[in-house]
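Here chain A shows up in two complexes: once beside chain B, once beside chain C.
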Partner chain A sequence: MKHKTFFWFILPTATAMLLFIALPIVSVVTQSLFTPHEQILKTVENCTPFNCTESTVVDLDATEQQRAEQPLGRWAGLSIYLDRGHLATAVIADAWTTRTSIGDFVDRLGNLPFYRAMSFTLTYTFVVTPLLIVLGFAIAVAVNSLHRHLKGLVIFFSLLPMIVSPLIGSLVLFWMIDSRGVLGTGLQWLFSNPDLSLKASTELTWIMLIVYGVWHSAPFAFVVFYAGLQTLPQDTMESAMIDGATRWQQTKYVVIPHLMPLVTFVALIQLMDNFRVFEPIVGFNAEAHATSLSWFIFNDLGGETRLLSSASASSVLTIIGVAILLSPVLVRTWRDFKAKG
Partner chain B sequence: MSAKAFKQPPALRTFSSAFVIIWLIVAAFPFLWTLWGSFKIELDFFSKADWRSALTGARTILEHGSSFTGDGYQGAWVQEEFWKAVLNTAIVCFFTVAISLTFGTLGGYALSRSTYRYTFWLLIIALIFRAMPPITLVAGYLLPFFEWNLWGILPTTIIVLVAINQPFTLWMLHSFFQKIPKELDESAKVDGCTQFQAFRHVIIPVMWPGVITTGLFSFLLAYNDFAVTSMLLSKENQTMVPKIASFLGTTQTEGNVMFAVAAVVSATAPLFILVMFFQRQIVSGLTQGAVKG
Partner chain C sequence: MFLKKLVVASAMTLMAGEALADCEISGRVNVVGNEFPAIQTVGIGAKECTGGKVSTNLTADHQKINVAGMTGNPAEYTSAIVANSSIVALINEDVIRPLDDLVAKYGQGLKKNQLITIDGKVMAVAFMANAQHLVYRADILEQAGVKPPSTYEEMLAAAKTIKEKGLMEHPVGGAYMAGWNLAQEFNNMYIGMGGEFFEPGTAKVAINNDAGVAALEMMKALSGYMNPDFLTHDSNATNAEFRAGNVALMNMWGSRAATLPDADGVDPAVKEHMAIAGPMTVGGGKIPATTLWWDGWTVAKNISDEDAAATFKALTYAIRPEILNDTTSPQAVWLINGYQPTPAAQGVFDAANAGSVPYPMLPYQGLLHSALGAELSDFMQGKEDASTALADVEAAYTTAAKEKGYLQ
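So, the complex of A and B:
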C-alpha cells in the first residue's frame, strides 16, 4: 500500500487517538508539574467615622487575572510527586530512620494514602490473576467433558459475570453479602457469629474484593482455555495413552503444555486489567479498607474541589506502573516481529 | 481410537459434573437472586429476621397484597427518571459503536495491507494505549473541556469513548483483515480499482463477521464504562452505570435501595439478551487474540 493511501485510511483513527489519548497524556504530565495559584491577598483599610481598621482580604480581580494569565497554575516541579499524598519521600525517610522494626516501618507506610492504594492494587493484581487462571482452567476441563448439548448452556451462564459491567456485578454481590442479604446471613450462620460483617474488617474486605475479581474474570480464562482444548492434538493424546500415561499425566504432560501460550496470553491481559481495579471498590463501598490507584485518581477528581494536579501526579505514577507491567508484552511482540522479518 | 478410551471413570465424571454445577450456581445465582428480589420490598430483599422472606416475599404480601411488586421499577424509572439514563446509554452506545467501527475498519484494513515498518510501531502504540486505565486520561480532559464548554454533554463523551475504543478495535480488525486473502483486493486493483474502491467493493461485502464481533466488544466497553462517563457527563446527561452509582449515594439513606436494585436488573437485561444472541461471536472474539498468539 502506498504511503499516501495508507495515510488517508489511518487518518480518522490516528486523529482520534492523538487528540484524546496522546494529548491528554501530555496534558496530564504537564498538569502534574503545576499547582493551583494561591489566592492573592491584599490589605485594605476600612474606615468608619470613628476609627480605621486594617484587614486582609482576597484580591478577587488580581487572583482572577493571574488565573487567566497562567491557567495551569504555578510551577511546582516534582514537589507534588514527593508530597505526603503521593510518594511521600520525606515521611518515608523519617519513618526509616526512626523505625523500631521492619514491621513498624511497613505499618507507617500503610498509613500513607498512595502506598495504601498501591499495596491493595498490587495484592489484588497478583492474587487474582493466578487464581482466575487456575479456576478458568478447571472449568474449561470440566465443561469440555460434558455432553455437547449442555456445553452451550454452560457457556452462556459462564459469560454473565464477565459481561456485566464491573460496577453492576459488584453491586449484585455486595447486596448478597450484606449482613441482611442471603450470603451474609449464611456466613453468620456458618460461623455462628450474628455480628459478622464482611464490611467491617480490612482482611475480609480484601478477600471479598479478590473473590469478586476471580468471579468476574474467570470466565475469560475459561473461554480462552476451552477454545484451546478444542485444538488439542488428538494423536499426541493417543500416543500418551498407549504409552500408559494416567489421566493426570496426560493433563500434565500434554494438555498443560499445549495450553501454555494461552496461559501467558490470559495472564498478560489480566495483569493489565486487574491493575486498573476500580469499580468494585465503589460498588462494594470499600474505600475505608481498600483503595486502588484508579480509585485514588477518581477520588481526587470527583467532588467539588477537583484536585487536578494531585490526580495528574497519581495518573502519571499509574501509567509508569502499567508500563512496567507491560514491558514483557512489548519485548515479546518485538521478538515476534523480528522473527517474522 | 474410539471415544471409549477417552471416557472418564465414573468417579471423575461425577466430580467434574458436580464442579460444573457449582460453577453454574456461582456464576448465575447472584443474577437470578437479584432479579427475583427486585420485585420485593426492601425489608424482604434485605431481611434481618429470615432470609427466606426474600423468596416468599412475606412482607411484600403484607404491604401490597401480592408477593410481587413493581415499586422498585416504578421508583427508579419514573421517580428517579432512569429512563433518561437508558436513553442516554442508547445514544452513547449507538454512536460510539458506529464511529468506532468506521474508524477502526479503515485503520485496521490499512494496517493489515501495508508492509512498511511503521505499521508495527502504530500497533505497538495502540497496545500501550490499550493498557492504560482510562481514568488516568480523565485528568487531562477536564481542564480543556471546561475551558471550551465541552464538559457534560453526550457528544464529548462519545468521541472520548471512541478514542479509548480505537486501540482495541484496531487490533481486533487488523488481525481479522489479515485473514482475508490479500489476493482479493490485489486482483480488484489489477482490474483498475483504486485502493479505496477495492476496499469498498471487495472487502466490505466479506468483512461483516469480524466487524460484528468487534462491534460487540465496542458496545460492551461503551455500555459498561463507569470511569469516563461518571467524570465527563453532567447529572442530566448521565448514562446508566453512573446513574446507578448516584442512586447509591442518595437513596441508601432513604431506604430506597430497591430503586438501585431495579435499575441494576434493568441494566443487566439487555446484556443477557445480547449474550443469548451473540454467544458465538463473543466467544470467537475473546479467543481471537489468544489463538493467534
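So, the complex of A and C:
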C-alpha cells in the first residue's frame, strides 16, 4: 500500500484512538498526580429542623480563588500512588521492620486494601482464565461433533451466559445462593447445616465468584474455538485417522496445535477482562470478601465525597497491571512475528 | 372498599384540577433524589405543575450522580433532594444556590424550621424528618415473655430468649451491608456510647477508643442473632426479612418502617403484629443510639434564574399542606404545616424527644463514613479485633482526608 493511501486509510481509526484512548489516559495520569487544594475551613452557624449549632464548613470564596489560581490543584507527585489506599510503601516498610514472623508480615500486607484486592484479583484471573479456556474448548469440540440439526439450538443455549448482562447474571445467581434462595437452602439441606451461608464465608464467596466468572466467559472461548474448528485441515485429520490415531490423539496432535494461536488470543482477552473484574463484585454484594482495582475506582467515585485523585491512581495502576499481565503473551507474539518475518 | 377508592379518586381529581390553577411554571425542572415512598410523593407532586417540563430521577444511587449532574453549566439537574449527609458534598462543590430571595418571593407557605440555613443563607428546604428506631413483632415478644427493648442490651437478651424458645432462628434484623449501611450502624452505636468522631474543632479522627471498641463489640454480639448473610443486607433486604416473618427485632428507618406492611405477599402475622417504638440506648448512655435526619430539596446554582424559580415553585407546590392524605401522611414525619402525626411516626418523634443528635454536617464526615464502610467488615467477620479495625478506619480516613486537603 502506498504511504498516502495508508495514511488516509488509518486516519479515522487513529483519530478515534487518540480521542478515546490516548487522551483519557493522559487525563487520568494528570489527575493522579494532583490533589485538591488544602481546604480552608471556617466555623459558621447552621440551622436545621432540630437545632442551630456551630459547625465547620468549607470557605467557598477562598476555595474559588485558590481554584482560579491553580485549576489543577496541588502537585502531589507520586504520593497518591504510595499512600495507604494504593501501594502503601511506608506501611509495608514499617510492617517489615517490626514483623514478628513472615506470617505476621503477610497478615499485615493482607490488611492493606491494595494487596488484599490484588490477592483476589490475581487468584480470580489465574483460576478463571485457564478454566474457561478448557471448558470453552470442551464445549466447542462437543458441539462440533453434534448432528447439524441440533447445532443451532445448542449453540444458542451455550451462548446464553454471555448474552445475559453480567450485572443481571450475577444478581440472579446472588438471589439463588441467598441463604433463603433455592441453591442456598439446597446446600444447607445437603450439608444439614442451617447456618451454612455462601455469602458469609470469604472462601465460599471467592469460589462462587470464580464459578460465576467461568460460567460467564466460557461461551466467548467456545465461540472462538468453534470457529477455529471449522477451519481444521481435513486432509491432516484424515491422514491421522489412516495412521490409526485415536480420538484423543487426533485432538492432542492435530486439533490443539491448530487452535493454539486462538488459545493465545482468548488468553490475552480474558486475562485483561478478568483482571478488571468488577460486575460480579457489585452484583454479589461481595465487597466484604473480595475487591478489585476496578471496584476501588467505583468506590472512590461513589462515596459522598468523591476521591478523584485516588480513583485516577487506581486507574493508572490497572493499566500497568494489565500491561504486566499481558507482557509474556505479547513478547511471545512479537518473537513469532520476527521469526516469520 | 369501592367507596374508599372513589373518595381517593375524586380527591385526586380535585388535586389535579387545583394543580392546573396553582402551579404554573415557565422553565425546566429536573429533580434527582432517593427513592423511598415520601420522596416519590414529592416527585409526583412536582410533576403536577404545568407550563414547563418537569422530570424526576429518583434512585437509590442518587448520591453517585447528583454532584456530577449539577456541576455542568447549565446543570442537568435543577434540584437534588438531599439529607444532612448528602448536602455537604453539594455545598463543598459549590453547585447549589442560596434560596433567600426565592423564599421571600414564593415561599410564604414554608415554616421557619423547614429552612436549612448555613452561614445565615438558606441552602435547602426540608420537608421531612427521619431517624432509625426500633421495629418489632409484638406477638413474638409476647410469646417469648419479654418487653419491647429500650436498650440494645435488652434487645440482645430478648433475641436470646426468642432463639432459645425456638420461635425464630435469626430474630434480629439489621442493615449491616458492608459499605454505607454498616458504617451508619457503627455511627449510631458510637454516638449511643457517647463517642466523639473528631478531636474538637479539627478534622483529626478519634474513634479508636473505648467507646469505639464497645460499639463494635455490641454490633458483633447483635450479628450473632442475624441472618448469616447480614453483610449483604441493606435496608431493603432487611425489610424483606421482616416482611417474610423471619425477624422480630430491628433498628429501621422511619421512612421505610411505616410502609413496611403494605407490600404484596407480606405474612399476615407481620401485618397484624408489627409495632414501632423509639430508638434504643446502649451501654448505659442517655443519648439514643441513632441519628436524626432531615430530607429536603435544593436548587442548582448553574441554571438560569427562570429555571431556578420554576424548580422552587414546583417543589414548594409538591410539599404544600394539601398533599397530606391517608396514603401520604404515614409515609414520613412531614415537616409540612398541618401534618398530624400517625402512629407510624411514633418512632421518629420518640427519637427527637429523647434527645437524639442530628447526623453531623461536617465537610469531612463523608470521608469517615466511607472509611468505616470499607474497613469494618473484617471485624464483623471475626478476621481481626475491634481495635485493629478501628486503627484501619483511622488510617484509611487519614489517607483520604490528606488527599482532599482536610489534613496536612
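Throughout what follows, the second predicted complex is superposed on the first by the 284 of 341 C-alpha atoms of A that agree within 3 Å, B and C clash if a C-alpha of one lies under 4 Å from a C-alpha of the other, contacts with A are read in each partner's own complex, and residues count from 1 in each chain.
Everything that follows uses one rule, which is that a contact is a pair of C-beta atoms (placed from the backbone, for glycine too) under 8 Å apart; a residue touches a chain by one contact, two chains touch by 3 or more.
Every value quoted in this text rests on a predicted model; they were computed, and no experiment measured them.
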Handout entry: Partner chain(s) touched by A:Ile324 [first = chain B, second = chain C, both, neither]
Key = neither
Practice task
Return first, second, both or neither, reflecting whether A:Leu41 touches chain B, chain C, both chains, or no partner chain.
Solution key: second
Practice task
State whether A:Leu60 touches chain B only (first), chain C only (second), both chains, or neither.
Solution key: second
Exercise for the section: Please work out whether A:Asp83 is in contact with chain B alone, chain C alone, both, or neither, and reply first, second, both or neither. Expected result: second
Practice task
Once the structures are superposed on A, label A:Asp195 by its partner contacts, choosing first (chain B), second (chain C), both or neither.
Solution key: second
Exercise for the section: Look at A:Asn111 in the shared chain and tell me whether it touches chain B only, chain C only, both, or neither; answer first, second, both or neither. Expected result: second
Handout entry: First (chain B), second (chain C), both or neither touched by A:Ile168
Key = first
Practice task
Tell me which partner A:Asp178 touches in the superposition: chain B (first), chain C (second), both or neither.
Solution key: both
Practice task
Would you check which partner chain A:Leu232 touches, where first means chain B only, second means chain C only, and both and neither mean what they say?
Solution key: neither
Exercise for the section: On the superposed three-chain arrangement, identify whether chain B or chain C touches more chain A residues. Expected result: B
Problem - Shared contact residues on chain A - chain B and chain C - result: 178, 180, 285, 301-302, 306
Fill in the blank from the handout: Note: in the complex, chain A contacts chain B through residues 1-3, 5-6, 8-10, 12-14, 16-17, 19-28, 31, 71, 138-139, 141-143, 145-146, 152, 154-161, 163-168, 171-173, 175-176, 178, 180-182, 185-186, 215, 219-220, 223-224, 227-228, 231, 237-238, 241, 247, 261-262, 264-266, 269, 272, 275-276, 278-279, 282, 285, 293-294, 297-298, 300-302, 306, 308, 311-312, 315-316, 318-319, 322-323, 325-326, 329-330, 333-334, 337
Problem - Contact set on chain B toward chain A in their complex - result: 1, 5-6, 8, 12-13, 16-17, 19-20, 23-24, 26-28, 30-31, 33-34, 37, 45-48, 51, 54, 102-104, 106-107, 109-111, 113-116, 120, 122, 124-144, 147, 159-160, 162-164, 166-167, 169-170, 194-196, 199, 220, 223-227, 230-231, 241, 244-245, 248, 257, 260-261, 264, 267-268, 271-272, 274-276, 279, 282-283, 286-287, 289-291, 293
Fill in the blank from the handout: Within their complex, chain C touches chain A through residues 61, 63-64, 67, 84-86, 88-89, 91-92, 94, 113-120, 126, 129, 169, 177-179, 201, 203, 227-232, 244, 246, 292, 294, 335, 352, 358, 360-364, 366-367, 369-370, 374, 377-378, 380-381, 384, 388, 392, 395-396, 398-400, 402-406, 408
Fill in the blank from the handout: Within the complex, chain C is touched by chain A residues 35-39, 41, 43-51, 55-58, 60, 63-64, 74, 76, 80, 83-85, 91, 111, 113, 174, 178-180, 194-197, 199-200, 202, 284-289, 299, 301-307, 309-310
